[in-house]
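Every chain is named by a letter (A, B, C and D) in the order it is written, and numbering of its residues begins at 1.
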């Protein structure tokens, strides 16, 4: 029987290797896999490259992973925020590398990895500092920049419901990077708030099909912003 | 009030211009917008380039459009079928141009047009006749072929349900090319079997968001193979 | 001459007036967000938020916030009936693929030919952050900028050539400012409208650049 | 020597035996479709169909066909609980992105180094048609071929170099045939198994090429 349900976050994250590239879903308060990030801190892998839209907020989640000194490099679109002090300190003291990528290019580079595309031309960023040193090409009268896929070893994403094959649905704007990150990594671990029987998800409404998911683990919905619901 | 519901197929297809590139959804018996193809035949545009997975079956639908002499060129992955005699005759007598594209490359080139990608490198077809004359590139030890987007003037697709903003859901494997073709064309007309009130489609399960759809038109479900249900 | 700057709300109302019914619009973080408040509820404009939503509604009532339902500025919002959710790659496919009719962005500088600088004030010590600005700037069918015409120091933010790092090249079509509305054209700036009491000549003095008159009579402020 | 060819069902059963539990498998049109019938119902193998379905089930009972639910061969099928539908671009992203564990295809010719020819028999008068063969051949983690070893004329379909137009380069890992199972390696063909009564020497004579012995003892047919 194909059963991708892990008994615990610890089980789901066993064996993450040092120097891995870890994609972490979430945008703002929505879709951050807090429990999985905490699990990664507990698991202990270091020298990580993290791919996320941001670079951590406050002192929990990704910021805690950074504060623990586990991250060598971060690939993101928007590191600077009101409460990104952990990242800010590491960056200013030269203890973390930053690759800044426009948000849509970040999503598309991750999709390209998942979809087997070797590289693609995007109009985004042409003529800007972020395209410096990159190949460009004039296509049909428009200038494009050549961008390469971002492959990951591990994706940590937060979904809403899942089944034992690994099918996933999301909740509202918590969907964000989950579906593409799941495609782009050798191993994808998703937290869900509910595990349903096989056939319990509408086959027309499954957002991430089982093929992209390695393990799912149930976590309780927290009465926090990151949990989604106010309680 | 934003209302994309057309009163009839004729209304929905008014003004299609000669020499247009028309993308037509469908794969096998699933998702062929038969009524819209019939409407296009009645509308009269000629010298068309048609993008479809196949090149028509039997004597109805796309085959009838071909038989009416309206199509200059067809872009598809699988023209030859047991009952593709209309296309076969036109092709053998040199009266229609064929651009043969691997099925996944066809879908991805259409998506690229919709997603603003200028070109992309795919491993599909490298070293084969279908890549002859195309640019290639070695990326990370693997050979890729450069492929360009396919833009369309008009997409004709078959969906299941829609609302007046143009949101769409599909039914089973009738989804096939609908979502990408809707993205890739300046104008997208979808037939649906049911029009629901705004808010009647689950926002988590909308497959083609309103942004990609110009007009929808209700057609009755036919008791035919192409209609989906057996009755 | 006596003239008054448009307040932020007046400016937002001015922008809202130019948005056609049925348009798909992305409102950038900050000042552009205000535009939504000035689209009459009788009109249907589809608001796109790049974090994965079309048909965005107003902020929720206090106490009804759902932190899984936020806009690109990370504030709680609502979804209108007919709205939909989608993933980031799909959302930016909409943007890059030119499916957004109008995107309204803030700016540090705009050049006469429509180059936009809005992501980095050029301070080499600052931590850079770009978000979706570059995608929006070049992806939308029309990019509009909404900003004060002058810096606090009285310098024009409309410039011959941007000195701040660029967000996009030749991408801004219109500049809606507190003093005037301008169009960026290949031939240079063209006036759309002025606040009452501000003359064309005074505007040109403030901007320090020639401004072509409107093709026909300008719309009121 | 007396030996018997595997029947099509025996061959399908031989292929099915090598598919691990939990694998995601795409079965090509024609003979490979038979493999599904030989995967025991107690096992869970996820069948992918490139027209937009994962978790494909068996053919429906007569009279229960739904022509919106078909496989890549355009035959009515069913969907298992846990199955999902998706669009073509997503389906081929799965294929091209190496998410399919095993793809089983028919072939006209396979070269010793795993080049595949299965879409065009080289007849210049024929109307070409490729479908998803090229995507599947290079996209799957493993591409297996299922075919008769010899043509009706008795020529080997395993060849030093394909003479028919290629579907993909160096993409075939295993050849399951009516007489033997072979592996394509950079060093040439390697034997996996033979039907009872066929000797290694006789196989090499039929194929006309050297065949390396299996690394360990071969599995039975």
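Here is the rule we use: a residue touches a chain if its C-beta (ideal position, glycine included) is under 8 Å from a C-beta of that chain, and two chains touch if they have at least 3 such contacts.
Since the structure is predicted, the reported quantities are computational estimates derived from the model, not experimental observations.
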Chain labels contacting subunit B and also subunit D: A
Between subunit A and subunit B, centroid-to-centroid distance (C-alpha), Å: 33
CA centroid of subunit A to CA centroid of subunit D, Å: 35
Computed distance of Cα centres, subunit C from subunit A, in Å: 29
Per-residue overlap in subunit C, given as positions that touch at least 2 other chains: 79, 85-86, 92-93, 95-96, 139
Per-residue multi-chain contacts in subunit A, two or more chains: 108, 111, 115-117, 122-123, 170-172, 204, 207
Pairs of chains in contact (touch as defined earlier), listed by label: A-B, A-C, A-D, B-C, B-D
Sites on subunit B touched by subunit D in the complex: 27-31, 77-81, 84, 87-88, 91-92, 98, 100-105, 107-108, 110-111, 122-130, 143, 170-180, 207, 225-230
Footprint of subunit A on subunit B - complex, ascending: 108, 112, 115-123, 137, 139-140, 142, 144, 148, 169-172, 202, 204-205, 207
Parts of subunit C lying in touch with subunit A, wherever the complex brings them together: 49-53, 63-70, 74, 79, 85-89, 91-93, 95-96, 120, 126-135, 138-139, 165-169
Touching residues (chain side subunit B, partner subunit C) in the complex: 1-2, 111, 113-117, 163-165, 167, 183, 197-199, 201, 203-204, 206, 209-212
Subunit D - residues contacting subunit A, complex: 21-22, 24, 44, 46, 48, 54-55, 79, 81-86, 92-100, 139
